[in-house]
Amino acid sequence: MRLLLVNPNMTVAMTERMTGLATDLADGRAQIVPLTAPRGFPYIASRAEAQIAGALALEMIAEHSAGADGAIIAAFGDPGLVAARELFDFPVVGMSEAAMMTAALLGDRFSVITFSPEMTRWYEDSIATSGLQSRSCGVRAAQLSSGNVATAREETRAQLIALARASCEEDGADVIILGGAPLAGLAAEIAAEVPALVVDPISAATAQVMALATLKSGLNYTERRNRPCAKPSVGLSAPLRAIIAQGAI
Amino acid sequence: MRLLLVNPNMTVAMTERMTGLATDLADGRAQIVPLTAPRGFPYIASRAEAQIAGALALEMIAEHSAGADGAIIAAFGDPGLVAARELFDFPVVGMSEAAMMTAALLGDRFSVITFSPEMTRWYEDSIATSGLQSRSCGVRAAQLSSGNVATAREETRAQLIALARASCEEDGADVIILGGAPLAGLAAEIAAEVPALVVDPISAATAQVMALATLKSGLNYTERRNRPCAKPSVGLSAPLRAIIAQGAI
Amino acid sequence: MRLLLVNPNMTVAMTERMTGLATDLADGRAQIVPLTAPRGFPYIASRAEAQIAGALALEMIAEHSAGADGAIIAAFGDPGLVAARELFDFPVVGMSEAAMMTAALLGDRFSVITFSPEMTRWYEDSIATSGLQSRSCGVRAAQLSSGNVATAREETRAQLIALARASCEEDGADVIILGGAPLAGLAAEIAAEVPALVVDPISAATAQVMALATLKSGLNYTERRNRPCAKPSVGLSAPLRAIIAQGAI
Amino acid sequence: MRLLLVNPNMTVAMTERMTGLATDLADGRAQIVPLTAPRGFPYIASRAEAQIAGALALEMIAEHSAGADGAIIAAFGDPGLVAARELFDFPVVGMSEAAMMTAALLGDRFSVITFSPEMTRWYEDSIATSGLQSRSCGVRAAQLSSGNVATAREETRAQLIALARASCEEDGADVIILGGAPLAGLAAEIAAEVPALVVDPISAATAQVMALATLKSGLNYTERRNRPCAKPSVGLSAPLRAIIAQGAI
Amino acid sequence: MRLLLVNPNMTVAMTERMTGLATDLADGRAQIVPLTAPRGFPYIASRAEAQIAGALALEMIAEHSAGADGAIIAAFGDPGLVAARELFDFPVVGMSEAAMMTAALLGDRFSVITFSPEMTRWYEDSIATSGLQSRSCGVRAAQLSSGNVATAREETRAQLIALARASCEEDGADVIILGGAPLAGLAAEIAAEVPALVVDPISAATAQVMALATLKSGLNYTERRNRPCAKPSVGLSAPLRAIIAQGAI
Amino acid sequence: MRLLLVNPNMTVAMTERMTGLATDLADGRAQIVPLTAPRGFPYIASRAEAQIAGALALEMIAEHSAGADGAIIAAFGDPGLVAARELFDFPVVGMSEAAMMTAALLGDRFSVITFSPEMTRWYEDSIATSGLQSRSCGVRAAQLSSGNVATAREETRAQLIALARASCEEDGADVIILGGAPLAGLAAEIAAEVPALVVDPISAATAQVMALATLKSGLNYTERRNRPCAKPSVGLSAPLRAIIAQGAI
């Protein structure tokens, strides 16, 4: 199957790292199509940035939707997810929602641990949107002194382990989600040091979109009653305009 | 004071009607600056459209932010509201949130009545986002057979009155919100036929942004801890890029 | 317009201070009618006291309801608010609910900061009654060692700033509400020292009741279905008895 | 033990009927002291009336508190309950809260069935105050055409049975609470016609206050941290003034 | 009346202690029938153990159901409660739910204090199941260094008092529940040292099942619509099989 | 990988049908080990039956846990799921929770449609346990006149389609879950007649347990802090006793 890995950030190195992890997880069963935002921000951290990048994500998916079996919005916080799920006729998952649903299947309660307090608000919004607040112990954030997301993974590693342990001890977390694309792949490295199951969001998202894609016999996307009506538009990219003009795809 | 009335839809007639109502409400105390989306959709109805139009709303506000004392996002559903509130250093209200907070000050429970089931999902999302679900009786929608929003107001008028009455009778609604820009101004016309207080969202939003603007002595926007950090960007309109580059404004 | 400022406490100095702030906010657009409780308590702190003072507030409003365009229940905690809103045919707001709705329009999350732990429980009740729990970060209280509400403002000022800062830092509060009539007017003084927007409840309540009063074309109070039925009574003040006897006013 | 049965309504016949039921339930183990409101309303139906009658209930309890082992606020809706529980150093229960806690011990979900839609809002408030919303199926009300509460029991009997059956069938109610003092004692009469357990609130309240009174070894009322501080007052009845002046009793 | 005290743990000493407390509380009005699990675990601490012991509790009740007027599931955590309440035609209460409903009648908010963090998760589940989360301040646990539940009461006594005080101070708890059968009877001993009402769960459960049993005129168990249908089974104890075969009892 | 398909009902035909569907879904990537309850009930419908069958499910998993990579509790309602997840050192999913998490990844809101009102209560419990109530539109049930679960699928087929359509139309459901083992496999057959995505729970559960099993690098089960302590027991099956004696496996 053909899966779009849509990084709504402009940082190609992040896309590459996540594509590697998704490809490993897919284990030959899916082709991962890496897409990096051509405009927008190096790394989204605010809801304002997510509003803009979420609209970009729709354009990115629309441009590559022909022949796609699924898409992953590869930014924790899921910019554009609700919109994309409404618009496209194949499964679209977000890294944060997919990680949370996965975590909820693994244990009673999960925590999100991230690399900077700058991310907290947006990630808390994601928990609320998922509906899983009663199964969440909230978000804990390390301090990224350098402010450099490219090195966040190494710089905050010890802090992240300490925060994960504290969340197990104090909050009773059964599952730890390492939130934020800069932490992609870290779960496997630190799992032995954390007394809980540790979820890597890009792996979880890949596993989930593949799970959804295998269910296809019951999924009759084109007849969904809640599919948006056809609508004219001005100023959108041609593929997105076309999809909205015909009423979802 | 100078207030931006930001219609994220492309329909100028709607902007004009709402500007008239806002100007009446302001009663000489504010200048209303009407802004109509230069791109996007004639009338937003889906969350996908709101994702895109919300990003446009940020551009529209940014372009006119110099000298503004406040802004109204003049589409029920509030596209871009959370993002705009984060980004700009003056009060920004949305028509739906402002109408709901107003309704909650007027009575225990409110209903949203609208002209088409196509709007229901998006408006329900707005209720959830407001946090006022425990004070809401939900959304009821008329059937707009013509599909023409320009005539929705007249076409569904009798249905809207009947729905409002039913919500009072069956749901115990104390306050009725007439949701959707096409219904702007209808509240005053039908209030005598509805056994509840009836709220006109554009009037409520205007009253609220003026209320917020008068509080200014306690509102020190530029020192907000939750203001987004400065961030470079590519492909945004120049004013929005500038604002994001300096870290909110 | 003519607005009743109903202080259900017996302390005239508080009424005067709040009247000054309300008059400033009204900026010539409204006449503020100051009313101080003739019986009851110097300063309400418990729910038992609020039960009694709330009944007094109804008498106070009833006595001055002729010609009134709105009323403010000028005690944080809103004694008698739900009852008054049911009974009178003009807008009645409470200082805490009005402050919270205002705060929710200014940012995602608000905290209430107050001068003594003795107030906490009652203020938490008010948050629950407002329905805005999901947008609240709770109540934090200073220690008023002197027990003297008249000097609470000066005595706890440094503590209040520290608590507000802690709530921004630890709870992510975007807006701080300074709860309790003894803190009236302090918001403007400390705003520069707090990294969030700071709301003064009496100013917010005045702004809100004026906002509601300007909406009047949709507000048909006398035809409300949820207006209480006419009812005989014994032992009430004559104006309140009359209003209840005719079924709201 | 000596239990105050505090009817905050002025209707003596109601007090007498409830006293009979409470006495039967107590079965010689408690003396029921009947108290009828000397002022106020024949029958409370609104929150405005409850605000006033709740303050009266405090006076009534205060006057007879010497030697009391507990008190029942004998109006469904529990006027003054939170205040009384704070103020007095013995158990105070309300008819609605006691009925709901009892119902929640008898089955997963309960409904409240009452004799008139006029009561619905106030009873819904009581469910919310109890915290048991997730175990409630809401309130259903008969139509009392005569408007005469004295005959409500007989007049609406067939309707009440039909509503109870509908709630079992449609809402899955396990337990039916017959809400409202006019329905006191009806539960036993109609239980055979309702496919659920049926709770009589005055019996439940009597059983509950006796249950609480038997627990006394762990109940050290006078040392409660949340007991209100001593407070001067003006214009209260002498016994209530005295109790508030010394800080609870 | 004849009440089954069902200890789903195998520890006879616990049953004896709880039987003594229940007998004291009943004060001659009920015969307490002590039942100790013949299989299972010395002391249940996990949800896995509760799944198994809850099934055992059904067998224990079934075997002694003839002539019973009520049953108490005498393990905090209430293994098998929902199932038993569905199956038997007399009141069945659990120690934790009965303690929580009792606490909610005594004050606004309660805390659960227990002897080991090992119990926390299961007790938190019980709070959620009760529906009283909005009236709960959560669970606080002492550290039982010895790991010996038989001596938990003495070993953790000072810690429990400190935790109870902290919960009053920091969480505003009005009522403290001492959770866990090993703490049975401790409430009366420590009440004087805790600034809140202290509830002993086995006493509360006994008081509650007696309260329910006295209501019987409205409780028509055999006609409950939600009673399970008759069902064949294999491998159950004969009395339980018989009860399930005839459709509840 | 080796996956246990644990049918806690005694009906072999159901196990076989579900095994076929799981095998198809696995598409050669997993061996499905079918297990049918050797005791208990032909078909579980009540919470009492689930209490007993959940304990059986633990025995069934324990007996076959050697070499297992995951387990599916193959009864909608998930008897024993929380217990099993606590006890075993591999992923265990339940049909209802897995279907709901899957549905929540496919759309905003899901409904559960089932073949008999007898199942409703238990399935509603499952929604509450999942934490996804805010994304659920509840349960709708057909009437199975014959009472024969073996033919439920054919007998209620037309009703199920009508209920699914009604839930789309009236509740706004985006996803329909066909709840109950007797409906296994029906989703694919009726999807074309339902204007929503339709989820088959056994397929969803198989897809989910495979997704979880592929994540294994972050899942360090044996070091989980919330793993139950080692505990002696009496009367359990030997394999379950052994696992509990060593502290999870």
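The chains carry the letters A, B, C, D, E and F, assigned in the order they are written, with residues numbered from 1 in each.
As a working rule, a contact is a pair of C-beta atoms (placed from the backbone, for glycine too) under 8 Å apart; a residue touches a chain by one contact, two chains touch by 3 or more.
Keep in mind that this is a model prediction, so the values were computed, not measured.
> So, comparing C-alpha centroids, which chain is the farthest one from chain A?
D
> Which chain lies the greatest distance away from chain B when centres are computed from Cα atoms alone?
The most remote chain is E.
> Indicate the whole-number Å distance between the mean C-alpha point of chain A and the mean C-alpha point of chain F.
A distance of 26 Å separates the two centres.
> With chain centres defined as C-alpha means, what is the inter-centre distance between chain A and chain E in Å?
43
> What is the distance in Å between the mean C-alpha positions of chain B and chain E?
Computed value for the inter-centroid distance: 52 Å.
> Can you pull out the residues of chain F that are in contact with at least two other chains?
82, 108, 121, 134, 172, 226
> Based on which chains are in contact, what kind of graph results: line, ring, star, complete or other?
other
> Judged by the touch rule stated earlier, which pairs of chains are there in contact?
Chains touch in the following pairs: A-B, A-C, A-E, A-F, B-C, B-D, B-F, C-D, C-E, D-E, D-F, E-F.
> Could you list, by residue number, the parts of chain B that touch chain A in their complex?
Those in contact with chain A are residues 10, 38-42, 45-52, 54-55, 58, 80, 82-84, 86-87, 118, 121, 125, 226, 228-229, 231-236, 244.
> Flag every residue of chain C that touches chain A in the complex, lowest number first.
Chain C reaches chain A through residues 108, 134, 172.
> Could you list, by residue number, the parts of chain C that touch chain E in their complex?
Touch list, chain C to chain E: 120-121, 124, 128.
> Give every residue of chain E touching chain D within the complex, in rising order.
25, 27, 82, 85, 91, 93, 97-98, 101-102, 104-108, 130-135, 168-169, 172, 174, 187-188, 191-192, 194-200, 203-204, 207-208, 210-212, 214-215, 217-221, 223-226
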